[in-house]
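What follows is chain A paired twice: with chain B in the first complex and chain C in the second.
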Partner chain A sequence: MNAFQDILILVVVAPGLIFAVFALLWLLGWTPSEHFLSGITGLTFSACTAGVAALVWKITSASNITVTFGSWFAVGSYHFPLVLMVDRLSVPFLALAAVLSGLIGQFSATYLHRESGFLRFFLLLHLFAFGSLLAFAAGSFDLLAAGWEIVGITSVLLIGFFQQRRPPVENGLYVFGIYRACDIGLLVGIFAMHHWAGTASFVGGFPTLTGARAVIVCLLLLLAASGKAAQVPFSGWLPRAMEGPTPSSAIFYGAISIHAGAYLLLRAQPLLAQSVLASALVILIGATTAIHGTIVGRASSDAKTSLAYATLTQVGIVFIEIGLGWRWLAVAHILGNATVRTMQYLRAPSMLHDYHQMHSAVGGELSATGKQIEEMLPARVQLWLYRWALDRGHLDTILERWVIAPLLQISAYLSRQDCTRTPSPTTIRPGRAVQVFASGPAQRSN
Partner chain B sequence: MRRALEEAHPFLETYSAAGYFGVAVDYRGIDDPHGAALCPVVVKPEHAVMERPKPGDSQLLESRRWRRRVLGLLMRNSFVSSKTLLRGWLSTSALGLLSAVPLIGNLLAPRRFALLRDWLNQAFLPEPRTELTLMRNTKQSQGAVSGLLMGFTPEEKAGRVASVLGPAGLVRGFARLVVILGHGSSSLNNPHESAHDCGACGGRRGGPNARLFAAMANRQEVRDRLRNKGIDIPPDTWFIGGYHDTCNDDVELFDLDAIPSTHQPDLDFIRSSLDRARAQNALERARRFESCPADADVERALRHVEERSEHLAQPRPEYGHCTNSVCIVGRRSMTRGLFLDRRAFLVSYDADLDPGDEGLSALLAAAVPVCAGISLEYYFSFVDNDRYGCGTKLPHNVTSLMGVMDGHASDLRTGLPWQMVEIHEPVRILFVVETTPDRLEKVIGASAPLKRLLENRWIRLATIDPASARVHVCRDGAFEEFHEDLERLPVALSSHEWYAGKLQHLPMAWIQTPRTATGDRLR
Partner chain C sequence: MSVPGWVLRTSFFTSASVAAPWLAAVVVIGYRRQARVVGCIAALLSAIASTVLVWKAPAGESLYETLMLLFSCLTFGAIVLLPRRDSEVGTIGGILVLLGSTLLAYSTGNLLVLLVAWILSIVPFLWAGWLRSRKWRPMVGLLSSSLAIALAIGFMVARTGVSSISHLKGQSPGGVVAFALLIVAAIFRKGIIPAQAWVADAAESGPLVPTALLLNGHFGALLVVKLIVPLFPETDHLFPVLSYLAIATAVFVALRALAENSPRRLLAFLALSQSACILSGLESRTAEGITGALVHWVVVTVSTVGLFGILRLLEVRFGENLSASKHLGLAEHAPRLAVSFAILGLALVGLPGTLGFCSQDLLIHGTLTTHPLTGLLLPIATAMNAVSFFRLFSRLFLGKRRTGFTIMADALPRERWILAGIVLFLVLGGLFPNATVIEHSSEVDVVDEAIRPSTTLTGPRATRTTIRPCNPRTLNLSTTSIPAPEVEHAE
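The block that comes next holds the complex of A and B.
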């Protein structure tokens, strides 16, 4: 095992180790001081950044770096391969994750000073960094899915960071529901890869699939990617995710988490390239999202929602680029978009100040920005479009009415059948999560 | 700040007045697109004042305006276009990584990054030397600013100056230099920035008022008229306007090139005293910040507060009026040397010079609503932060360019955020006025707003007799003498000795520094 393999392992494992150690100590009743915790965080991510820099240097001069630990477990012919791999695609994402996690840690040390959830936030930040580094450095879809799920759960827990208020928890659950529903795509996709190709590892070549099988796997992965990247029709969760502290909104929905879906598609690119149908669907979803995002963004009146839709618009374009096979343009676009949005999210509280500044700098005529595209439409269509944009394209309502409500009806029907057939008096009541899930969009459509 | 100055040089004298210094104006600086009222919100300004470049510098202003305009349009367009479909595609993918520069700079070295920014501003946007349009010019007065009078007549100027100096008791024994300091606060990434600015200037920064006041008081025709009102300013007294940033403790002095060369040594002296005082002030404020090391020296503390005002992630740039509990209206000799832990509003007033109580009623008409308003704002934001305050700042989301809401959808949040009030002690403010109960009752009785505040118990009231020092407390609308025995105040040799290393509220103490009689006066 050479030095760069060690570095790769350290980069991925370090934040996870910090999380595990501090979580364990916390369970044993020890709370570290803010100073100590932010110091450790700074140190960890500086080391990660340095490690990634070394990996970048190695990758540009030589080939991929692969670390194989063997299998986590094996059942029959299936085994869960523990393999890390860094190639030219994953290295920019690793760099992004390491650098931005460090910067967000630095920001949060001041921003969350004296906050009761300080330790919780930093634990989740480390866990998130571990999850995203694992997903980006994974050598197989199995391991990628593990990192993917860690990113998902930390995302939900940080949306619900302010547990004492109701809306953050409700919106966290809503996002959790969408994530879980779309992650079915990733899990079934991996299952299908194992079933048809015998492996889900992409070290040294992609799992060989052909014809309809390739298309099916592509579509399953596309479902997972669209959910994570808040593409149409799942876009409604993105503005709801703005309930957490500003820095977590920045790194999740401006930078890393929102682009993880694009990374998954970039990984699946060899498969995608085989299928015109799947590529066309990626382009269609991306284009719809980009247009949806820019129209809804124009009508949103608050800083974070308008940033959310600005991010979404560009992620939609990234999907188009991936569908067209322009991999490196997509990567450059992701890096640029992630950096700009992180900065803009972190500066979101400055919006009043910035507008004052710009207003005085241009001499008090800020409102005149020239012709708006929507002014070319007839007045009645403008009004309709505005209402459509205000309700975020009715996406939440559509999902609620045509997907969630029928599902709930089916489950209610099934549980009725259960109750009549079995003598047991226990009836299944929809839990809190289901109720919230159903009532969230309904409130908005009233 | 006043105690810090007096400790810096025992022969400095300080006074204080409501931060708009009696000049209610609609002010437009060289960089402002339009005028803004610099006075308490209950007052409507009748006069307009503009800042304009000195004759030699108008060219400089033109180029500054042009460059600011270009920069402003660039900023706006890059911001707007980053959010659009096609332009956003180009700008994020081609230029996006550039935004890592300010991000990293500001997060890793906020203070140095701000210095770099200031240096760039100096280099590319040099500020022209300016003056204020003070003169009333009847021909221009109609046209320039609709409905407002342009500038002040000498009579009006004298009236404004007298309305501050008279009640404050600064009518004789002027020093060679008198510095008038307005205040405001600057912070980054803070939707509640203006909540730290000057309440008496309508939540704006009070520098122009101080500058205007000083410019008025320096004019010969004003001084002639003041002499008729019993305020005798000697010819060798010079007024300087200034601005104190209460967040980073920076003190800026205006119009220094107009100071007579004979006063240069006095200026050097006052500048060094101000520098010592602002560093001491920073050190005393820093004791309440957990993130500043407890053993920090003045240098470190000053750097710490400077960094606070330039930190992108700082939710509590300063504690502002937090912990306020009392407003003392009276002579400084009553409170000088008293460590009040920055919890008191001090208003200078000398009852002996105000036999008809006109000064007191004018003073209380401004001071009581402003101080009571500030105090109640902190009070209610603290006692029920979720309902009367706006909760924690961390999930705040600026909406409609108007206010903040929580997360992605909530009611508009009003009041102060938790980070601003967390160390507050909710008490209704106590006004201690240095006069007799009879005289105060008359003044309060004549003013309906003050009467309502008192009768409905929004404020508490007490008097201290200027002659006998007996204290009367107002209980249920009637003054009764205060008899309880008081403990003797603890004594300390300096403020720093009293507060060093302590994070919590501190009791009053007597700071014993040697003192002589003559010298400069401030505020």
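The block that comes next holds the complex of A and C.
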């Protein structure tokens, strides 16, 4: 094992180790000070960033770096390969995750100073960094799925960071439900790869799948990617996720987590290239999401939601690029979008202050930027479109009415059949079924 | 000074592990003081004896010894975790009787002894009045399962005149009637559809921790592994029915849990849904599925006992009228209980980094290989369970802080250490699953040997792999007719 392989292991493992040690010590009764915690965080991510820089230098001058540990577990002929791999695709994402995690850590040390959940936030930040680094450095879809799930759960826990308020908690549950539903695609897709190709590892090349099998695997991965990247029809969770603290919104929904879906598709690009149907579907979903994002974003009344939809629009365009096979354009687009959005999210709490400063500097209000494109539409269409955008494309309503409410009604029916006394289960009334499960649109706030 | 030979015999340690809790139960009931201390010592003695049994067991034949060790340790943890309010003579005595019976059932190779252990395990629930209100369904479930297994064993012994399980292996003693009765017993005891309702009733009306231990003895799965599969190999075409019923139970109960607001019932549904997956994995007849089922057995047992224990601690601290219909904000009062609850619950539904992830991964692979269509329902059920669990967690622990409490204790030191131990076990097991998985994968032979020669492993590599029966430690796969294909890679 050479030095670069050691560096790769350290980069991935370090945040996870910090999380594990601090979590265990806390569970046993010890709480670190803010100063100590933020210092350790800065040190960890500085080391990670330096490590990733070394990996970048190595990748530009030589081939991929691969670390094979064997199998995480092996049973019969099935094994879970524990392989880390850094190539030209994963290294930009690794750099993004390491640099932005450190940046967010430093920002949050001040932003969340004396906040009751300070330790919780930093522990989850470390866990998230571990999950994302693991997903991006994975040499197989199995390991990618492990990192993917960790990113998902930290995302949900940070949405509910302000746990005393009901909307963040309920929205966290809603996002968790969407994630889990879409992750079925990833799990079954990986199984299909093992079943048909004998492996889900992409070290040394992508597992060979052709014909209908390739299409099925692509569609399953697309389901997972769409859920993670908030593509239509799963876009409804993104504004709900803005309930979390701003630094976590920045790194999750401006930079890393929202682009993880695109990374999955980029990884599956060789397979995607074989399936016209799947590629067309990726383009269609991306285009629909981009249009949806830009229209709904225009009707958003708060900064973070507007930014979320701006990100969503760009991610939709990234999906189009992936569908068209423009791989490196998509990577460049992701890097640019992630960096800019992170900066915008972090400045969002100070936006009014920034505007005030700009107005003072120019001696009045800023000049108008020009006409909005929607003004070219007839007034009636504009009104309809405005109402459509206000309800965020009715996506939540459709999901709630046609998926969540029927499931809850079936469950409540079964409960009534099951109970021999006054039923304890939830009573479902038309119009508020979804509030049982999560808060409705009226309860969203940012 | 030399050690007497009988002390070193396996039977001595088996007897010691079973007898210690029963003797302790007699002491507790007679002495009526220091019940928790006596209970802990007895469970610890059982655990030590089980450890020796695991150590002495031949390679690849330590399945039941491992389960004995697990259950003893879990009972020790449960007794320590019990709130003081529940640490009275009846509860501790009942738990000890349950421990002895469960260990006897795991260790025995005799049909009649198994029947005695089966019946003894439900005795505490019958005599102690543990199942207070709405008790007819648990009673019917437990008594029906006991009646069915009694009839089945009676029929088998009457027809063959033999009560040794090893002698009856592969002979289908009692024919279809005995087979059907055993299936009925497994269905009732495990809470498989249509007999699923008693589990939630038992959890709601009975004492939480003993009920969790009763459910996690997994006598239904034990019956499948110990009797149904080895004794009736030619009825293998009927096994998929059990698998379909198990998957149907997993989905039905997961669906049922979505709108449930009673934390006790909700946790019981989650435990039932997840444990139903064990049967489908065992039936999958793939190495992945069987190993996944055995590891999942461990995960479900450990995490649900922890979850029920935490729920009981919450009830004692915050009142027994906890509900998932509103946010209670208990994490502000008990953050360590909240974190432990979250980790155990997420491990139950397959959080990466815990042992649950490995077991779910293997189970899904195994079940999908054998039943591609119905197997798809397994990840769907798990996803619904995850949502239900997260809803319960967020309703109990998150939300606005409750006021009006004068004393709001987080996990006490003894509770903290036990919970940390459980969490560590699940996390370390997940990080280094080979220590657990490979240990159990050798036990696949035990199940597979019972299925042979009528079945071989199925799946993508079905035609080229069969499991060898006498296999040391690791699972060896022999190449038979078709060589393993090269994995082709695209550019």
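List of remarks:
FYI, the second predicted complex is superposed on the first by the 396 of 446 C-alpha atoms of A that agree within 3 Å, B and C clash if a C-alpha of one lies under 4 Å from a C-alpha of the other, contacts with A are read in each partner's own complex, and residues count from 1 in each chain.
In this section, contacts are C-beta pairs under 8 Å (C-beta built on N, C-alpha and C of every residue); 3 or more make two chains touch, one makes a residue touch a chain.
This is a predicted model, so every value here is computed, not measured.
In the superposed model, A:Trp326 lies in contact with neither chain B nor chain C. Legend: residue contacts after superposition of the two complexes on their common chain; A:Glu115 is shown touching chain B, with no touch to chain C. By the document's definition of touching, neither partner reaches A:Tyr386: not chain B, not chain C.
In the superposed pair of complexes, A:Phe80 makes contact with chain C only, with no contact to chain B. Of the two partner chains, chain B is the only one touched by A:Ala361; chain C is not. Shared contact residues of chain A, touching chain B in one structure and chain C in the other: 165.
Across the complex, chain B meets chain A through its residues 31-34, 65, 68-69, 71-73, 75-76, 79-80, 82-85, 88-89, 91-97, 99-100, 102-104, 107-108, 188-191, 193, 290-291, 311-316, 392-401, 404-410, 419, 422. Taken together, the chain A residues at the contact with chain B in this complex read 99, 103, 106-115, 161-162, 165, 167-168, 171, 239-247, 290-291, 293-294, 297, 301-307, 309-310, 313-314, 317, 329, 332-333, 335-340, 342-344, 346-355, 357-366, 369.
Note for the complex: chain C touches chain A at residues 134, 137, 197, 200, 252, 255-262, 265, 286-288, 291-292, 323, 325, 327, 329, 331-332, 336, 339-340, 346, 350-353, 357-358, 361-362, 364-365, 368-369, 376, 379-380, 383, 386-387, 390-391, 394, 397-401, 416-417, 419-420, 423-424, 427, 433-434, 437-438, 441, 444, 457, 459-461, 465, 467, 475, 477, 484-485, 487-491. Residues 20, 23-24, 26-29, 71-78, 80, 131, 142, 145-147, 149-150, 153, 156, 160, 163-166, 169-170, 172-173, 176-177, 180-181, 183-184, 187-188, 191, 194-199, 204-208, 270, 407-408, 410-412, 414-415, 418, 420-421, 424-426, 428, 436-437 of chain A touch chain C in their complex.
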